[in-house]
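Read through the structures below before going on.
Next come two complexes, and both contain subunit A; in the first it sits with subunit B, in the second with subunit C.
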Partner chain A sequence: MHTYIIRRILISIPLLFGLLTINFFLIHAAPGDPTDIFYNPDMDPEARENIRRIYGLDQPLGVQYLKYIQGVVLKFEFGYSIAKKRPVKDEILEALPNTIQLSALALLLELSLGIGIGILAAVKQQSTFDNATRVTSLTFYSMPSFYLGLVLLFLFAGGVSATHWFPASGMVDIVRHDSMSTLGRLGDRAIHIFLPSLTLGIGAAAGISRYMRGELLEVIRQDYMRTARAKGLTEKVVVFKHGLRNALMPIITIMGLSLPFLFSGAVIVEQVFGWPGMGRVAVDAAFQRDYSMFLAVNLIFGVMVVVGNLVADILYAIVDPRVRLS
Partner chain B sequence: MNRIVRITSLGLFFTSLSCSPSSTPGDSPSDSAQRVIEVEARPDRGRSEEHNLEFEARWNELYNTPHDNGDTLVIGTIGDADSLNDLTSAAITGSNVIGLLFLSLTRTNPDFSHAPSLAESWQFSEDHLELTFHLRDDVFWHDGVKTTAHDVKFTFEKQISPNIGWATIKWKQFIKECVVVDDYTVKFIFERLYPYQLMDAVVGAVLPKHILEKVPDEEMVSTDFNRNPVGNGPYRFKVWKAQQYIEVEANENYFAGRPPLDRIIFKVVPDQENLALQLKSGEIDFMDGVPPRFFEELARQENLVAYIAPGRSYSYLGWNLLNPLFQSKKVRQALTMAINRQEIIDSLLFEFGEIPKGPVLPIIWAHHPNLPDFPYDPEKARQYLAEEGWKDSDGDGWLDKDGQRFSFTVKTNKGNQIREDILILVQDMFKEVGIEVRPNILEWTVFIGDMDKKDFEAAVAGWSVGLKMDMTTIWHSDSINDKFNFVSYSNPEFDRLNDAAIFEMDSEKAKQMWWRAQEMIAEDQPYTFLYSPKDINFVHRRFQNVQMETVGWNYNLEQWWVPKDKQKY
Partner chain C sequence: MHVKESAGTVSMTQVQNAGSPHLEVRNLKTYFYTEDGVVRAVDGLSYGLAKGETLGLVGESGCGKSVSALSVMRLIASPGKIVEGEILLDGLDLLQCSEPEMREVRGNRISMIFQEPMTSLNPVFTIGNQIMEAIRVHQDVSRKEARDRTIAMIRRVKISAAETRVDEYPHQMSGGMRQRVMIAMALACNPEVLIADEPTTALDVTIQAQIMELLAELQSDFQMSILLITHNLGLVAEVSDQVAVMYASKVVEHTSTAELFASPLHPYTHGLLTSVPTLGMPREQKLNVIPGQVPNPLHFPTGCRFHPRCPVAEQRCKQEEPLLREVKPGHWAACHFIENGKSPMKGADR
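Right, the complex of A and B next:
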């Protein structure tokens, strides 16, 4: 298995390199350049030229590309952000953990809600619960996350004063957080992350619950399930031990593939809730034509896709003994 | 800044200049007080080199009256700052914070004249080419080192360095040299005489030489100081979390005495809807530039006070004069008369705006109050167009001339709802007179790229107005190619007047010239001047001594305070 993983990682290097190259030329081909943010009548064209020169934007594109690649490959340097006036690395190191935090919680919600509801719906097929969750999950599944976010904001973050239970933006109460007890801080973080992670996770949870229900129903009809029941095992053991393990396999694949979607979903959710993560960095970088920042962010999203796929394959091998990685 | 620069338009730098605080006690809202306060427009004395003793006395009143310390002010802002170093900052949030952390040589008074700050006094030489500042000797950097004339000279040298890229380098173009006379006396030597010498000399925050002299010019854009500034102002830098907030705390050693509020926090919030929500729920205490559509709901909130300030910007519909369609003055006048501007203001700005007749707004001393105007009159518009040969000869409802239909595209930028809505209204209004308009809404960078390349027929955009009277960059024919004369307005008579007026030392004569220049533009109608929005600000009512002025909402921010029994944090 180790050789398999190493080989997969080695294969992904040229892939990421290609991604970087394509993105580099794409973003440079887009109209405008990073000095557009200095666009104002008080700024002499001369001052703008100065800034272009300082950042090396006056050099031929090929030279800029070689310099950039050289920095990335030899020194693991991602350059300076023109819009943020700091090394790209610093900004990303500040934002990435926040996105991971949000996505991890959303993933947890997605899996626990999705799998839980799916199992219940399958076990109680055709019940009121099954029908009710079918309708609600379809509703959430088809609802765009920015819309859901705005609805939640309006309902629970100040739009309706009777149900103003959650803050409207940010990660912590910026005024009081530092003077809180440890427990208080934890609670403060929890109420801040709740709405964004719910918004991010619930659509995917709805999807998972439908897959889960379908797979489990499929498995329940198999012969070995009948055998298990015939052996006199309790229904609990039948469903959870024999049924669930088999039904979970496709879910793992779906989960691995959904990791990149989780991150791209975070881009939108972070905008709505002002969550200080990679999503906001990515959007700003694209609009401000902040080249180095844009490239680094896309590289990270690329790495996420590669890692997500790899993790799914490995988990698949662990859950299903018939699969051998070689 | 994203918000302002992208939305209100180009060039909010002007505002940042006025951001260093100054004063006016009095009308802060107490319990009984009114909850909507109109900010008074003051006569513009930006060219004045005299002290304004009335404003200075008002400024000092806080320090002579009892007040409480404590509490925190949370200011909501849409864009994060980019840098807290005046040399490298371009975003509006950054300049607001810099105004609290750093001192400039002078402060701006509500009438745009100058008040003492780091400099206690100043005087010009006989020939008016040398300007000497006498600095205070009791100002310390937040790390304990004294602020001296050497810092002033050092700052000037960095500002004009081509390897740093200070955005407002142009303001220093006529300053030949900055000379240290002694530790607390510094002299600026000018190349020529002009009315804004004092304003140009004091522009920009003074920076600490002992820290920044170690940074090579090329590395200024990425130096650690940008994010960990050491200033000498009323507040000192505490913490900056990217995309979250910037926090500053009271400077106990401030020369004028500790500012009342313990902390001021600039909180980054995703968008205007969210800002309004948080203002309502009390998560933030202050918001400037509130969109008019939120006014009514927020004004109903018991705990908020609204300040309505005269506009510092205007929006326009610009006609590309290189396009044959718009080359006739009469056609342009007709186009203006076809637009019901009052309806735009009433329906999109909820009446929080005025129709500007020309590019110089009433807050500026050179404003011409009686410009020729072309009020809404579709009948007359049709008549003017007919005189120019535009008639509906084939009866299809659209005007045509030589077989060509009167039809054009109007471009504007995405992200400003009012501008996007204007395109729809205008499309309807033009249809009334038989002109076909196609709206085209573009991403900001694409939009300004097209404007630069003159790749547009008509465009809706806006300007914010500087404190310095100068029409060169937007209207002079020299500015057509590489500056901001997008519409390619070219009028030799105007150029001549503008060039002379800039350097005219006699205010009365200068005013006559500027009036004449404005008349030309109003007559030529290269733009249809659409509206000048009022600036709506909301602040929590617990704050006392809030004095908003046209120079900026933060005119005396460092002097706001909260009585002990009302303190929230």
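Right, the complex of A and C next:
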């Protein structure tokens, strides 16, 4: 299995390299360039050329490309952000952990809510619970995350004063956070991350719960479930031992594939909740034609796809003995 | 003796020569309430299985054999329901048992093996895990003890290298091996009754013979009664002590194997026996020589359910359902026209 994982990682390197190359030429082909932000109508064209020269934008595209790739490969440097006036790596290292935090909690919510509700709905098929969750799942699944975020903000972060339970934006209470006790700080972080992670996770949870229900109902009809009952096992053991593990297998694949979507969903949700993560970095990079930043953001998305697939494959091999990674 | 007066209802107590039967089914009715209507999958079924004997339950596909077996295990799921009858295990009516009481019976007093060895084992657990589970649910033994017994059981069903195979997964085994594992699992708690629902139908002919041999051997070792469900009359002739012939959700004839093959009395049984392939018969020849179709359990024919296909049916057969009655000592059949132990079919006595 270790050789399999190493091989998979090696295979993904040219893939990510290709992604970087295509994006490099695409973003340079787009109209505008990073110096636009310095531009004002009174500016001397000479001065503007100067700025371009400082950042190396006057050189032929091929040369710029080779220099960029050289930095990435040899020094693990991802260039300089013209808009933020600091190395891309610094900016990313600051924003990425915040997004990972948000996405991880959303993933946890997605899995626990989705799998839990799916199991209950399948076990109590056609019950009120099943019907109620069917309708709510569909509602949340089809609701755009920015809209859901706004609704939650309105309901629980100020719009309705009786239920003003959560802060409307940020990761911590900027004014009081530093003067809080350790426990207080933890609580402060928790109430700040709750609404954004809920917004991000609940749509995905709705999807997972429907898949989970369907899979479990399918598994419950299998012959080996009848064998398990014929042994004299309780229905609980039959469903949770014999059924669940089989029903989880497709869910693992779906989860792996959904990882990059969760991440790109975070970009939008972060905007709504003023969360200082990759969302803002990504949007700024695109609007400001901040080439290096844009490329780095895209590379991270590429890595998410690769990692999501790899994690799914590995989990699958752990759960299903018929799959041998080699 | 308890006899209800409705058609087709009878106690089978007297069928057996040796005392009261170990497992007795009386007037069992299991229906499926589907969108198309009520499927009467088992409808007035009665049979008795004597201690230590093998009863062959035979009938065409769809006549209700599997549903009747699952009814005995009380494993009928919605939309199915056992609506009437008695299932007596040594006098204990399983239909009156609570679910926890029933769990004590399943896998412990009555075990079952199924037709599809390829899909009857859980693919994500080792066979050892699955056999051990059957032991530990009924017996208070340590993991180590259960594992030792599991390995011993795997050896009993003649799988070589039991110590290593115990940790293998079902997909690493052939169909015949998996059926042996199923047998090991079923016999792990030394049950009194084994229900084998077409245990060899999905297997190669040579493997079939090995499995049947194994079952016969284990039957005498374990002192168990076997209900062998099959549509293979040849198999029944070889291993059964008694035979119950099912047609359209109920038993139409029930007697000893020797008697049944020597003098079948019911016209349906007669038809079945003449449809058994004989050596030297051309391959292309159709086996089923009984004209007509197996009746649909949604709409059974009135009167005798066999009347549309019966070569000797008369007007009475369309109106009146024949009772399963003792037509000669130790020989039960459900046909209006069996008189003095003689079949209405010409040349039936062979």
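Quick note on the criterion: the second predicted complex is superposed on the first by the 319 of 326 C-alpha atoms of A that agree within 3 Å, B and C clash if a C-alpha of one lies under 4 Å from a C-alpha of the other, contacts with A are read in each partner's own complex, and residues count from 1 in each chain.
Assume a residue touches a chain if its C-beta (ideal position, glycine included) is under 8 Å from a C-beta of that chain, and two chains touch if they have at least 3 such contacts.
Note that the coordinates shown come from a computational prediction; the quantities given were computed from them, not determined experimentally.
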When the two structures are laid over each other on subunit A, do subunit B and subunit C clash or fit? fit
Subunit B versus subunit C as contact partner of A:Phe273, first or second or both or neither: first
Residues of subunit A touched, compared between subunit B and subunit C (which is higher): B
Applying the document's definition of touch, where does A:Ala228 land relative to subunit B and subunit C: first, second, both, or neither? second
Contact-wise, after the overlay, does A:Phe287 reach subunit B, subunit C, both or neither (first, second, both, neither)? first
From subunit A, separation angle of subunit B and subunit C (C-alpha centres, steps of 10 degrees): 160
After the superposition on A, what does A:Ala121 contact: first (subunit B), second (subunit C), both or neither? neither
If you stack the two complexes on chain A, which partner ends up touching A:Leu295: first (subunit B), second (subunit C), both, or neither? neither
May I ask you to decide whether A:Arg322 touches subunit B, subunit C, both, or neither, giving the answer as first, second, both or neither? second
Just to be sure I read the superposition right, which of the two partners does A:Met43 touch: subunit B = first, subunit C = second, or both, or neither? first
Could you state the shortest Cα distance, in Å, between subunit B and subunit C after the structures are superposed? 48
After superposition on chain A, the subunit A residues reached by both subunit B and subunit C are none
Sites on subunit B touched by subunit A in the complex: 1-2, 5-6, 10-14, 72, 74, 80, 82-83, 85, 88-91, 162-171, 218, 221-222, 226-227, 241-245, 247, 263, 265, 267-271, 273-274, 277-278, 280-281, 283, 443-446, 448-449, 463, 466, 473-474, 482-484, 569
Subunit A contacts subunit C in the complex at 222-224, 226-234, 237, 242, 245-246, 319-322
Along subunit C, where are the residues that touch subunit A in the complex? 70, 73, 75, 103-108, 111-112, 114, 116, 119-126, 133-134, 137-138, 169, 171, 182, 185
Complex contact set, residues of subunit A against subunit B: 30-33, 36-47, 50-51, 54-55, 80, 82-87, 91, 94-95, 150, 153-154, 157-159, 161, 164, 167-171, 174-176, 271-274, 276-277, 280-281, 284, 287-289
